[in-house]
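Two complexes come next, and they have one chain in common, subunit A, joined by subunit B in the first and subunit C in the second.
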Partner chain A sequence: MNTLLAFWSLHTPALAVALPLLGAMLVMLVPAERFPQLRGIVFFLAAALGAFAAINVAGQALADGACTYVFGAGPRIGGGPEATCTTFSGVPIRIYFHIDAAGALMLLVAAITSTAAALYALRSEEGSSGLTAFQPLYLLLVAGVYGMVATGDAFNFFVFLEITSLAGAALAACRIDRGLAAEAGLKYAAISSLGGLSYLVGVGLLLARHDLLNIAALSQAIQGGGPSATDYAALGLMALPLAMKAGTVPMHQWTPDTYSRAPHPVSAFLLISSQASLFGLFRVAFTLFGAPVVSTTSLGAFLAVLAALSMFVGVTMAIPQHDVKRLISHHAVSQTGYMLLGASVALAVLGDAEKTAAFGRDALAGSLFHMMNYAIYNGLLFLAAGAVVWRTGKRNLDDMGGLGRAMPVTMLCFGIGALAIAGIPPMSGFASKWVLYESVFRYSPLLAIVAMVVSLLTLASFVKVFQAMFLGPARKHLSEVKEVPLAMAFPMLLLALATIAIGLFPDVVMQRLLLPAADALLK
Partner chain B sequence: MRKSRIVGHIAAVVYPFCLVFGLYVVLHGHLTPGGGFQGGAVMATGAALMMVAGMFDEGEREIKYHHYKAIEAFGLLLFIGLAFAGILSGHGAFFRNIWANAGGWFGAPGESGSFNSGGLLPLMNLAVGVEVFGGISVILVTMIRAMKAAERGEDREDEEGEGAE
Partner chain C sequence: MNAILTHLPFVIAVTVAIAGLAVVLWRRNLIHVLMGMSLVESAVNLFLVALGYRHDAVAPIYTGLRDGGEHVYMVLPTVQALTLTAIVIGLATTAMMLSLVIVIHRHYGTTDVRDVRRLRE
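Moving on, here comes the complex of A and B:
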């Protein structure tokens, strides 16, 4: 037992990725028609064990500052001579995971949402014909997201980016009943491949110039030697596709299609895969290039403009929507704008130590805070809207109404999610938006005002949705509708509880998780 | 598409050669250009040849589809299992090549360039080869299935058209 525990704690960083992968392969071997239950158990166990390992790693990393795992290494896994194994030209060749406080935050968020969505999927996808593909692909997506946030190697990041892209595209096209899903999947695949290629060219430039792939070693080489034209080119080639994969205006067109056509639990987790891309953008901008390169470009100001556009375009596109999942998808674009806003303010003042200490660090922490909250409450919104669609079979808001009597738990959960996304206290969205307003205001009052106006518009939009779905007189064609089963209500309640808990104790989260994460990125 | 007996039998003769050559490329992956993916693709061309020559009828294709799927899953499982070998051996990380230079199979020390080297790599190549063979064959069967369905659908439309006249 003790040796097992020692094994577990030694190998957790690898197991977080390896267990979902192993589960994906195992689940393929179980025939879907004959043993659906066994398949479900293997599927959920793999997702839950992977999440448990990820939470464990995050705990280790937060306690020790950072946590390293060298793949293919001999007995000294955490580093040592093996970690710096080099080729003739001095390239560190080991693939390795490096999880700092920022990575730990992302691992935590991904672990919580992936488990909730997997539990929800057990019931909501039960008996559907696409399960043969759905379950392995979902586990691949989970493994890819963990890998993206945990890796310490620029090329390895590309590998995991491709895994999430392919799995996400295939999952979006999982229900090909009317061809719309296939179009959404194809769009996502095309956009992702384009983005991935651009990132790869960026990595190639860096490899050619510095002969390195390891992020820590690369950042030393880039920041130590003074930036060159190649570095600037690589920064552009790597940062923009990641912004595109996160769904930033004007590269957001794929998000409404992909999110709204994917199966409901997948929509909730695809958000995290986009977040991982956004996190990759932070890694590239803050860790890899850092102040010497970024502060001599206008990347921060440029991204701030994109962020303001995303917030505004997303919410104005959302207001006229009638398809409930499409509406939430447009809000996802708008919320991504908030996250990018804080980070771009931090990027814009990165070269100025005084301003960074005054508000840049807070802006970045607020951005990470919003990422964390958004992953939870927007996932919750997708799950709750999915529950309504699952029960009623209708996606159009005009066909719904009066569902609050039949589905009180779903109404409660959706209401909590809607309040959080609109930034109403005491939900989590209020806390993170407040941090963002305060810090962004000191950089540019105009941007802060845009953020506040967008928040109001979000509230208006969700009042409409809530009223259309749950309030009003009961509709005749919806008289048979019942509450969703416990297996689907439980994950929603879990996420709702997390939303309220974070909203009630923002200080604890800020001190324990977010400021260390922001410091790890700024270091 | 009418089935030609000559084409079919030639395909049946060439099929084992395709498999053997593919396997050769897979097993020499640690020494020569090529490896698991390329070798697996070569093996799958054999299956493609058989299907195009019409050697698998519809029922056989359906059975083969499930076989190929199982082969694919087995290859993937073998690969991830070999990656776990490092952890399970107790003195190494995930993806540790525990057979390298350890004597025994593929582990002759100091013999770089010989077939009997590379540790777990040849086995990993084999796993990838098996997976790619299964995966590409699944894609081929699915495409042929869709093609046949489309052919049948077009036929039916033609008949309806004639009826309307």
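Moving on, here comes the complex of A and C:
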């Protein structure tokens, strides 16, 4: 027992990725038709244990400032990135995981949402075709996301990026759905694959220039010597595909297709995979390049414009939609705009220490805050909308109505998610949007006003959806509809509770999690 | 001569990448589009391998060095390891995309990109 505990505490960072990976292999060995229950147990255990390890690592990282795990022989924990300098010439060659406060935040969010969605999937995907593929792919996606946020190696990031892309595309396609889901999956796969190649060329350029792949050592090399033209080319080649994979305008067209056709719990977790890409963008922009030498003002301003466009285009595309999941997917583009907005404001004032202290740091923290909230409340919205689709078999809002009487718990959860996405107090969305408004206003009042207007439009859109789904007279063809089983209601209630709790105690979250995370990125 | 030898792989890589992108953008058959993506992928792999190449260097195998004491150059092995990984990933991606094209063809009866846009409707 003691050896097991020692093993666990020594290898937790690796186990967070290894357990879901191992689970993906194990779950395939259990025949789906003969032992569906056992398969479900293996699936959920792998997801839950992976999440437990991730939370454990995040806790360590938050307590100690950062947590480093070196793969291969030698000391694993502690010593920082320098411990990876193992060749005689002092070049850090070994792959390592480096989880700072920002990575810890992402691990926490991914762990919570992945467990909730896995629990929901146990029931919602029960007995559906394609389950053989669904469970291992979901675990692969989880492993990929943990890896993306934990890794400290630029090439290793590419590997995890491709794992999430492959698993995400296959998951989006695994229902086939008369070919529609396959079309969505192919689109996602093609875009991710080209994006991944672009990122790889960027890594190749950095490797050629600095002979390094280690992110910490690379950032020292880039910021120490002053970035060359090669470095700037690499920045573009790495940042653009990550922005695309996060779903920002003008490269957002894949998001509604992919999110809306994926199985419901996958839609909820695909959000996190997009967030991991956005986090990768922050890593490249802040950690790898960063303040002292790179003129980030123009890049920040450019990204801020993209962010404002994403917010606006996303919400205007969402309003006329009738397919409920497609509508929420368009809102996802709009919400991604908020996250990018705060970060790009922080990037734009990065060279100016005074402005960074005055509002840049808050903008970045607000951005991370919104990422965290969005992962939870938009996941909740997908799960609740999925519950309605699961019970009624309808996706079109015109075919729904009066479901509030039959599905009160789902209505409550959807309502909480809708209030949060529209930024109504006391939900979490209000707290993060407020931080963003305040800080962005000091950079550019216009951008803050755009953000507020978009928030109003979001509210209008969700009032319409809520009314169409749950209120109004009962429809005849929906008279048989019942509330979802507890196994699906529980994860939704869990996320709803988190949404309210974060909204009620934003200061605690800000001080404990977000400001350390922002500082870790700005350092 | 050496300068040409050093730069030629990069010129070829860029040419192949542009050809691949052109196929991706302008071909209408999904199979052709995937072939274009494979071209881009090969170009990236060529670029990576070429980064570590020196015309006067030997393969990076220590036991294979004939004159152990003398100073010799080795080509950079890191990029070769990266390329191997990228090839495996590329293979998996291509296989999955081809299988999706098969599924699409079975349901839509076509692989023309102009007809494969039912999600928009």
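To be clear about the criterion, the second predicted complex is superposed on the first by the 501 of 523 C-alpha atoms of A that agree within 3 Å, B and C clash if a C-alpha of one lies under 4 Å from a C-alpha of the other, contacts with A are read in each partner's own complex, and residues count from 1 in each chain.
Keep this in mind: a contact is a pair of C-beta atoms (placed from the backbone, for glycine too) under 8 Å apart; a residue touches a chain by one contact, two chains touch by 3 or more.
From a predicted model like this one, the values you see are computed outputs, not experimental measurements.
Aligning the two structures on subunit A places subunit B and subunit C side by side, free of any clash. Judged by the touch definition given at the top, the superposed model places A:V201 against subunit C, while subunit B stays out of reach.
Contacts of A:L180 after superposition on the shared chain: subunit C is touched, whereas subunit B is not. Within the superposed three-chain arrangement, the count of touched residues of subunit A is higher for C, of the candidates subunit B and subunit C. Of the two partner chains placed by the overlay, only subunit B lies in contact with A:H11; subunit C stays clear of it.
Once the two complexes are overlaid on the shared chain, A:L22 sits against subunit B while remaining clear of subunit C.
In the superposed pair of complexes, A:I449 makes contact with neither subunit B nor subunit C. Centres of mass aside, this uses C-alpha centres: at subunit A, the angle toward subunit B and subunit C in the superposed model is 40 degrees, to the nearest 10.
By the document's definition of touching, of the two partners only subunit C reaches A:E162; subunit B does not. Touch criterion not met for A:A233: it reaches neither subunit B nor subunit C. Following the chain A superposition, subunit B and subunit C show a smallest Cα-Cα distance of 6 angstrom.
Under the contact criterion defined above, no residue of subunit A touches both subunit B in one complex and subunit C in the other. By the touch rule above, subunit A contacts subunit B in their complex via residues 7, 11, 14-15, 18, 21-22, 24-26, 28-29, 69-75, 77, 95. On the subunit B side of its complex with subunit A, the touching residues are 69-70, 72-74, 76-77, 80, 83-84, 86-87, 91-97. Those residues of subunit C that touch subunit A in the shared complex are 24, 30, 33, 37, 40-41, 44, 47-48, 51, 78-79, 82, 85-86, 89-90, 92-93, 96-97, 100-101, 103-104, 106-108, 116-119.
On subunit A, the positions that touch subunit C within their shared complex are 93, 155, 158-159, 162, 165-166, 169-170, 173, 176, 178-180, 182-187, 189-190, 193-194, 196-197, 200-201, 203-204, 207-208, 213, 257, 261.
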